[in-house]
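Some structures are shown below for you to check.
Shared chain: subunit A. Partners: subunit B in the first complex, subunit C in the second.
And then the complex of A and B:
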């Protein structure tokens, strides 16, 4: 980060800035929901933003990859069926997300650009700009530091805010990010050297605040990549997995899907819907044959895709941003850190 | 195509019964420009949809050397194939593709070719077989071994007769169980190996059929001196997108829909997950 590119904005002025963003885009932010829950949704007023909350249970991936995502419309015309692509290029701002979720969307965008470009996804993602808040204290279940996904970001962000007490330091990381800050230059001022130095102190302190036991991917990767995890261990891990798919649905980097037609009588919408590699039907063929009939094969598949060297080489990262959501959501404790530890140690301790 | 999920519309030109549960569909793209520009290689597949029901992958059963229509042969096994079997000439379906890598026809030039099909595994080979027969001078000896459960389950019966009559093709057909009037071979596909002269050093073997057949055929071929590089198969997996995104068809980090569906036995053996 160049000192000259950093600015600050007083906290009392952030409301006005968000208000201006709302005028020009759909702004999605963490908001208060029922029973103390925090969820990402579209806001119509700056006061709805829940500052300083832990990660909402559902990541913001639905902004770029809706759970049900219309891809093609099909209707009857005079000369037969008419098929048309569906694109969603509404300008959106994802405001107040944490570093891990920015990295999650960055991962998804790379996956959809890899090999054949998925324009339906990419056009929606291109219209999205994020304003993230760096984490000055690790969240209770997070291990982003093991995944190069936090607590602060050095790349992949559009605008990154750091809480300096009565003001935020704002770093612009992309042209898209610049377009959120430049029109509101009157609300910002150039950061002083001391403010930038304070940001780096906060980052170092945040990194030191992680516990010694987080998630040691490297040794798990070595074993998973060459198939050196015993069937018995996968069986044991599978024994406590409930096959609910929750880990997939709350994961910022999971994007497996199925394609279904909705509607009837000549008015159909072909949709992509989230799917889970933990479901038995995920690989069941029409003949009834299923290459992953055994539960252990499905659990193994999840972690091969997430942490194998083969995928690491292809994707440039493990398929995990250390957000801790699978730890929170899994009733069977087969979350990422627990399974990585089991693979590394060769034993399952639940 | 700009959008990976946008199907073209194809009209069904004809439907033929192959067996009591298998039909062959002749498809023609509705748009003249799309029809002219459409190309594929044998071994690739297409995603066919019956709108409102869904979409699934099917092999090209015809050869690109015969461009008048696209053919596919479909066994009725589930919701979508059931809906397809109810369609008739003039009905419209969605067609995406071609998907996947296909057979490397150029690499087969000058070689002996051995096609080994089981049951509904013959359609993916049929596209390549006709491609080879239409350019017969480019290849050396051509042998086709085909087996099905019963004589009724044999697909392309008319073409089997035609291949049997040709002097430039050696064809052997077998069934697991005979029926009244069947005078041909009875036995599993590998029993046909002793009826032909195998030349492992100069032959590429194309194997397609149910998993259990592939297993025994490949074992047999390797024992008879074939190299894992010269045994070629097409794999099947549950697929949704056909374009390497949805992750249903992965084996390890390989995507059957993008890296395949055609693999050599060496590649198949080296897959880890």
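And then the complex of A and C:
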């Protein structure tokens, strides 16, 4: 990968840059919504971007993995059923995304490329370029620093912006990222040494500013990987999980899915839809047998997949980017930091 | 398209979220951290609520039965046929009625009430689930003078003690269960009262076993224990005067166990303490007394209306509270105005242009038995009525069944006229949460085919049957509701503020609770076993679950595995009978007998047999139409 040297762009010129991006791609960015929420959605004007907002509760993974994702259309042809794949290769820019979510999409892309490549996902992901904003102030519940997923990124990004007050430092981390910056070279200038140094100072300061949530994955990984977590502990943890599936749905690295056919005016569309490994029916087999009928088995499965050494070796990372969303959305109390702490300590305080 | 903020259609917690729309279809749900109820947390049903509108079998054009078959007709023809057949049935001297629904908005329920008590001049307007909720409100009213509890689900998180009369809130009201789980983490002591083990009972600091249908034996004892233990609210007791002595005397026979005494002590001593009543299977009189006991307990200990001490009665389904509040209840005009209230009568006459019928209506079961013509708004009585098979028979006997629904349900087979309406995803209006908040439902997509919003269809029916009526939107209906209600309650409808809970003025209206003697608690007759419905009704038959590919799976698998139903027994009972999982057992009651496979349910009391509501018809010979009955169980 060719990493070009850092540049800066004055804040007064970012609108023009975003405007040019909108001309050539679908730009998805954090925007304000009715109930005071910030939601990622397609923008038609630079003024819609909510700069400096807390990380939106709903992650941008829907950009590569929509909740309802059409995979093939099935229609009646002269010689029987005609099955055609659906590919979405619209050029997209994910603008203003936080570091953890870039890592999340990176994780998902690795997973979908692994073994049997998932073409529908990969084509959509290939057409996506991210412009992330490094976090100079960590989220109150974030612990990305425990997951090598922030607050600043050293890899996996396309373009990384750092807020230097009246301007952004822009680092280009990929060829795709370069293609967003090069055509607008007139809006950028080469960064000065002092600006690059300031970026590193901000990163060091951010690392020292994390809140109370931490996740000591290493010791949890050791215990989970060798089966040193008792069934009783999993039972206790499961007792406070209300099987809402929210942890899966908002997790930037979760990709549990189901496949269903939706009838639409004379044809069918086979869709991949978000699902949850915490739902009893997720692993129920056609015979009626369910290998994970017991609730504790489902909870155990989730955290085994997230933090075991077996999966760490395969995925090259824990299945968590430390965004802290599960802490907010969990209807019960079984979020990642709480369960990792329980695994580590061998006791549940949920 | 921009995400559309709306309210969850499933349970009455009333969570807000955004519907994500793509190409005119609802394709996802986005949680809202700013929503005052959900605060970004949704249950599995909430997360799956976009599915049924897009994937379900939708009603897209008006239908009429002709020579036994349903045929598409124009709106004009369908509305005319509906109006004509209802009028003809009434003119022939036969009873007609209207069924509102917990699945319909406040506006739709209100127009159903106006259709019945106004245009059709019949007092019979009720929802299929009114009988599960109204008696509890009546019980509160006996003590507090109002048909409502107080506080919010969020209040639960800060309580030191929660007394939960448990059905299975983790299944029925997950947001409530979540608040209890978080409260417990913060050190709250949870007391559960129930016959059936549940996730919440496993989390309880104290779990008080009750006899199915007789939970009141525990609540009665709780009042006695609280009064015996001291720590009472002096102002309330002084104000009650001699009535308090009468209350004390009425409790003389109460049997107070050690556990009950401990629970009452915790509750009385706490600064912030909650009472939560999940949907229960018990007869109306028992429910009313139970709620009266609990309101007395809260009043006597000073928790009633204390900020941070909620008293929450959980309606079984979505907008049941709203349906009852706007008048889908046999004994009330909108806003729980008594039928005898002349002021309410003239107020409604002013709004409706006709005087309302002020006779007592029939409950849903009676109405279905007696009526020969019925308008059903967004409900499948065969799926939610206690005796589903009887409801089916009753509808089959009717001369006209006008069915408004968004989805194809089994009731479709029994309808004479079908009017397709918008589902929640295509509808504007409001629903009332369990805490009394009036919440907005907003259309995210257009109704499919020729379907129209339910309020518009009911307004069109009103126009044909009574004085000309025209609304330019659901909002106009809501404003009319505000005018039709007693002013203190109507205020909540006038301007919708979703963050606002029921104002204190409406809560107590300046009244002190009236403490007085409680009805005696009948002794519990010993029985070898008691069979009881599971109390969570049957989510699997709700079209929003049935047509959601993600949400329907558990109920569909259960029906596939046990097409003839099953009953749940404790391990102890199964060992005693010598039966294993899936083996048949015979249940005998005074009414009859039935055989069903036995399924083991952990932690169930030995003398309790649980009959899933979905399979109540298979066990109807044993249960009759009742939710609880004494049975003998033997190996078949």
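The criterion applied here is as follows: the second predicted complex is superposed on the first by the 340 of 350 C-alpha atoms of A that agree within 3 Å, B and C clash if a C-alpha of one lies under 4 Å from a C-alpha of the other, contacts with A are read in each partner's own complex, and residues count from 1 in each chain.
Operating definition for what follows: a residue touches a chain if its C-beta (ideal position, glycine included) is under 8 Å from a C-beta of that chain, and two chains touch if they have at least 3 such contacts.
Just so you know, these numbers come straight off a predicted model, no measurement behind them.
Colleague: In the superposed model built on subunit A, check whether subunit B and subunit C fit or clash.
Modeller: Result for subunit B and subunit C: fit.
Colleague: Tell me which partner A:85 touches in the superposition: subunit B (first), subunit C (second), both or neither.
Modeller: In the superposed model, A:85 contacts subunit B only, not subunit C.
Colleague: Which partner does A:126 contact after superposing on A: first (subunit B), second (subunit C), both, neither?
Modeller: In the superposition, A:126 touches no partner, neither subunit B nor subunit C.
Colleague: Taking CA centres, what is the subunit B/subunit A/subunit C angle in steps of 10 degrees?
Modeller: The vertex angle at subunit A equals 80 degrees.
Colleague: Could you say whether A:270 touches subunit B, subunit C, both of them, or neither, answering first, second, both or neither?
Modeller: After superposition on chain A, A:270 lies in contact with subunit B alone.
Colleague: Determine, under the contact definition given at the top, whether A:260 touches first (subunit B), second (subunit C), both, or neither.
Modeller: Both partners, subunit B and subunit C.
Colleague: Can A:113 be said to touch subunit B (first), subunit C (second), both, or neither?
Modeller: Neither partner.
Colleague: Please indicate which partner A:308 is in contact with in the superposed arrangement: first for subunit B, second for subunit C, both, or neither.
Modeller: After superposing on A, A:308 lies in contact with subunit B but is clear of subunit C.
Colleague: Return first, second, both or neither, reflecting whether A:226 touches subunit B, subunit C, both chains, or no partner chain.
Modeller: In the superposition, A:226 touches subunit B alone.
Colleague: With the two structures laid over each other on chain A, which partner does A:291 touch: subunit B (first), subunit C (second), both, or neither?
Modeller: A:291: touches subunit B, not subunit C.
Colleague: For A:74, select first, second, both or neither according to whether it touches subunit B, subunit C, the two together, or no partner.
Modeller: Only subunit B; A:74 stays clear of subunit C.
Colleague: Can you report the least C-alpha distance between subunit B and subunit C in the superposed arrangement, rounded to whole Å?
Modeller: So the smallest C-alpha gap separating subunit B from subunit C comes to 7 Å.
Colleague: Across the two complexes, find the residues of subunit A that touch subunit B and also touch subunit C.
Modeller: Residues 258, 260, 275, 284, which sit in both footprints.
Colleague: Okay, in this complex, where on subunit C does subunit A touch?
Modeller: On the subunit C side, the touching residues are 2-3, 5, 16, 18, 20, 22, 25, 27-35, 40-44, 46-47, 50-51, 54-55, 170, 174-175, 177-178, 181-182, 184-185, 199, 202-203, 549-550, 553-554, 557, 560-561.
Colleague: Residue numbers of subunit A touching subunit B in their complex, please.
Modeller: On the subunit A side, the touching residues are 71-72, 74, 80-81, 83-85, 111-112, 114-120, 225-227, 255-261, 263-264, 268, 270, 272, 275, 277, 282-287, 289, 291, 300-301, 304-305, 308, 310-311, 314.
Colleague: Give every residue of subunit B touching subunit A within the complex, in rising order.
Modeller: Interface residues on subunit B, with respect to subunit A: 2-9, 11, 30, 49, 51-56, 77-78, 80-81, 92, 94, 211, 236-238, 240-241, 243-248, 250-253, 258, 272-273.
Colleague: Quick one: in the complex, what on subunit A touches subunit C?
Modeller: The contact residues of subunit A facing subunit C are 33-37, 39, 41, 57-58, 62, 66-68, 239-240, 242-246, 249-250, 258, 260, 262, 273-276, 279-281, 284, 288, 328-333, 349-350.
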